[in-house]
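Both complexes below contain chain A, partnered by chain B and then by chain C.
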Partner chain A sequence: MATNMANTRIQRELAEVARASDSEKGIVSLEALDGRLDHLLGVIMGPPGSPYDGGTFKLDIHIPVEYPFKPPIIKFATKVWHPNVSSASGAICLDILKTNWAAAMTLRTVMISIQALLGSPVADDPQDAIVAGQFKSQRSLFDQTARYWAHIHAGAPTSVAVMDQKVAQMVQMGFRESDVQDNLSWNGWDVEKALEKLAPG
Partner chain B sequence: MDPEMTTMIDAAPSTTSLVKPDHKDTSSLRDRLIGNADLEESLGAKEENAEAETSLAARATMTSYPSLVDTSVLDRQCWVCFAGEDEEPGQRWLRPCRCRGSTKWVHYLCLQQWIDSQQKGTVTMPVTCPQCGALYLLKYGSVGAIHRILDALERSINKGCPYMAGICLVGATYWTAVSYGALTVMQVVGHREGLQMMERSDPLVLLIALPSIPACLIWAKMARWEDWAARNWRWLLHSVCPWVFEQPAEDFLFADQHTSPSRILCGALIFPTIATLIGRFLLGRRVRSNLNRTILGGLVFIGVKGILRIYYKLKHNEQYQKREIMDAPETRNADTQAPDDMFQ
Partner chain C sequence: MAAPDLNGSFEEGSLPKKFKVNGNAVNGDGSSSNGGVGITYSEADSSNDVGSSSSQFPSYGPASNSQDGDDLLPSYPAWQLSADPTDYPSDSNEASTSSGSRGEPLKHMLDCVEHQYVDERTSKQMLDIENEIKLNVPFVAEKEDLSVLGDEYSDPVYIAKIMDLKSKYQWLRRTRGDGNCFYRSLGFSMFENFMRAGDKEKVEAMKRFMVECKDGLVELKYPALAIEDFMDVFNDQLTKVMETPTDEELLRIFQEQGSSDFIVVWLRFLTVLQLRREPEFYQNFIENHSSVVEFCQMEVEPMYKESDHIHIIAVASLLKIKIRVEYMDRGDSPTVIGHDFPEDDAVPEIYLLYRPGHYDILYRKDSD
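Entry: the complex of A and B
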């Protein structure tokens, strides 16, 4: 019974997203993976005017058997630098994905909420303590790091030159590019500290 | 009652739920509608009746805004399963809250599942609409006074059990302490003498005195006099025989050790047994009184153990003070030779 309802509802929601006017503009899109209705791929665009502008962010969506009585399990498949998203795992801290879920919400409305969350972070309810701390105390460095991550992971057009230089400098020392990007970001772009984390001792 | 009319009404249950709030009993609703559809004269006759007034109002809504009612019925969609009007035929529709527009309608069975998922087994828990916050009107069938009493009983038992378990635990600990106290008394003063002594004393005093025996033992065990003596032994010797030992010049660093709670507990509780054994072993025949023998045994044990412990502590401390952190052995030669070895 429950499985049936989850499947039929997801089918209807897929149709709804396809019908909706946002999908024509490419703001949100949704597709079933391997024809399965319990694992979907969502795509949202970075909201204009935010550091994520121009980026394409993929969402990994799992539908529980009890759906729509339990919320969908959603995390970012694209790496994001955001106070309410884990920079390591992509887990999202959003109330409607937990206690405030209601069956009347749809994957489309949830994805639009996640997109809105990208545009207006809530630093008081953080998922990633490092990012949230930076958001509060060093806002411009946060904006730059978020834009840099949107460029390298989500294909946003503009990069940040200073950060490109620092990464290139450390990659020349023989470290992996992705490790360098992560560790520089987690250490506030302090090359010394990042080096210490990458090659302790 | 006209049989044709009844079947017609049966075939259109959705219209009835539309006109009337759904939490009302359906059978009385149907009766009312039949009465309503019968003829105007019956309405006129029942004008003072409150029920008839409501059905008149319902009829008025139907007649004055037919188009509005019709369109909302046509494109209604369940906010749980998202099925539209004709996708799940035969389902009962509800409009259980203040929501308007597309989220107004829901299937009866779907809402039941949603309420189940919110209540998680607590059938009487109130549930609100997640969109508009309106409290769902849940009518519970009458199940009788006995069920109500049992329900109240069930809830109070669930609430009281953690406290009861706590009280049981405290009680069990207390009675264990009493038994331990009694056993210790019998062990220390002798089996028969101990029993006689306890029989002669006031039970109330026993109930306080017996459990305080293990408590006092633990409390005494926590006073670590040997540590203090080991730390201040030079001062001690000086104060006892100042003509032999000079006043110590300086305090020295002392490696402090923590004693675990389990060790304190075991040490304290086993102490009377050890005291009895040592007393019996050392002064078996020479001292007649069990109590005196045990006290002497205990004192010997404390004294010997204290001296050993002070000695151990001092040696331990000496070891600690002689500790030196060394440079690593030179490894440069080994490093450079290793690759050569590999190529040879």
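Entry: the complex of A and C
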């Protein structure tokens, strides 16, 4: 019974998202993976006016058997620099995915809430302490890092020149590009600190 | 939470707070409050291009963190791994612990880790309690003679109150203490009253009213596809108990999760509807939330969130049902204190027993 309940509901939710108006299709999309209704791929666009503008962000969605009585399990599959998203795993800190989930919510409304969260970080309830700390104390560095990540990971059009340069400089030393990007970001773009992490001692 | 003073101070001690199977108790500190993230967005270009596949998070297993022996990703402590049955990575303390500077970021991180630890531990504990309750108490149990309550208490204050209760009531029907007990008791009593009365006209009127309520919720922007299921199950099961009006059928409906939880959710949404219809009135009862909308999102819509006076007043008023709640606590009064919702002279249709944190169903002496 439980499994059927979740499946029927998900089928209708997929149809709902597919039916949504054209303007909304650019904002949110949802598809089943390998024809399975318990593992879905969601896609949201970065909100206009945010550092994520122009980026396309994938969400990895698992549907528990008890759905809709239990919330969907959702994390970012695209890397994102945001106080409420783990920069290492993509896990999201959002109350409606935990204790405040309600059976009347749908994946569409949840994805729109996650998109809204991108535009309005809640730094006092962080998922990623380093990013949240930067958001509070070095806002412009945060904005730049978020924009840079949206460019390299989510295909947003504009990069950040100074960050490109630092990454290139360290890649020339022989480090892997993705390691360099992560470690520079986690160390506030301090090349020496990033080097210490990448080549300790 | 705001509740009219019943001049009986509720003794929390008889049901330890941490044992409440209730979302509130798990996160009693209000730790997760990203709620109310506004759903506003403007037009965006309609590119459906899903970004390049090179920018994925690695898949996380316990041992996926060794790259050239660097220590960037500390291995996850055992409590995180064991508490997580899915492949959802436990995370957040991922990045380096920034060796030298013990500044703000580190403190934040420690808060975060501590937070997670407490959350995980608490939810593990809650899960254990939840399972224990499931094993021992059905959603709604068989009727029992009220004298069984005597076995639970040795405290003279309670003994006196049980005597008082026994002078008016004959039977007790227990419900599972999972935070949904008020709604489950209400739903059961409603169905039972319809069944005993056998008035099909009234049932049809109620079902039509449920459809109106569903439309009202859709007007409030609740998605029809999510709401309809709950209303359909409520109406279908009501039809079934009228076709097969037996105690067994009634119990089956409320003991099977597939129908019982649907009815609970539907009653939660009826409560929401009434609260949202008269926000000016209900705002007066709300202390810890900024608006009726937020209160509904945090305290009414989610399963397992307990009910207070405001919930009872709202749903009783929407359904035009009179509910009497007998309050039994360690207060000094030698009698239980009855409180009627709404407060008028009509004869109550539903009787509930409230002991701190929990509702059960009561049956009057003159009932069958």
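One rule holds in what follows: the second predicted complex is superposed on the first by the 197 of 201 C-alpha atoms of A that agree within 3 Å, B and C clash if a C-alpha of one lies under 4 Å from a C-alpha of the other, contacts with A are read in each partner's own complex, and residues count from 1 in each chain.
What we mean here is this: a residue touches a chain if its C-beta (ideal position, glycine included) is under 8 Å from a C-beta of that chain, and two chains touch if they have at least 3 such contacts.
Since this is a predicted model, take the numbers as computed values, not measurements.
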| item | value |
| --- | --- |
| Chain C versus chain B on the shared chain A, clash or fit after superposition | clash |
| Partner chain(s) touched by A:132 [first = chain B, second = chain C, both, neither] | second |
| Partner chain in contact with A:183 - chain B first, chain C second, else both or neither | second |
| Which superposed partner A:110 touches (first chain B, second chain C, both, neither) | neither |
| Touching partner for A:88 - first (chain B), second (chain C), both, neither | second |
| Chain B versus chain C as contact partner of A:37, first or second or both or neither | neither |
| Per-residue touch tally on chain A - higher for chain B or for chain C | C |
| Partner chain(s) touched by A:61 [first = chain B, second = chain C, both, neither] | neither |
| Single chain C stretch clashing with chain B - from 19-27, 181-189 or 325-333 | 181-189 |
| Residues of chain A at both interfaces, chain B in one complex, chain C in the other | 5, 9, 12-13, 16, 68-69, 100-104, 106 |
| Residues of chain C touching chain A in the complex | 23, 26-27, 31-35, 37-52, 55-57, 60, 67, 70-73, 86, 88-96, 98, 104-106, 108-109, 111-112, 222-223, 225-227, 229-230, 257-258, 261, 265, 268-269, 297-298, 301-303 |
| Interface residues, chain A side, partner chain C - complex | 1-2, 5, 9, 12-13, 16, 22-23, 25-27, 29, 43, 45, 47-48, 55-58, 62, 68-69, 73, 75-79, 84, 86-91, 93-96, 98-106, 108-109, 112-113, 115-117, 119-120, 122, 125-130, 132-134, 136-137, 152-155, 179, 182-183, 186-187, 197-198, 200 |
| Touching residues on chain B, where the partner in the complex is chain A | 79-83, 103, 110, 113-114, 116-117, 130-131 |
| Of chain A, residues touching chain B in the complex | 5, 8-9, 12-13, 16, 66, 68-70, 100-104, 106 |
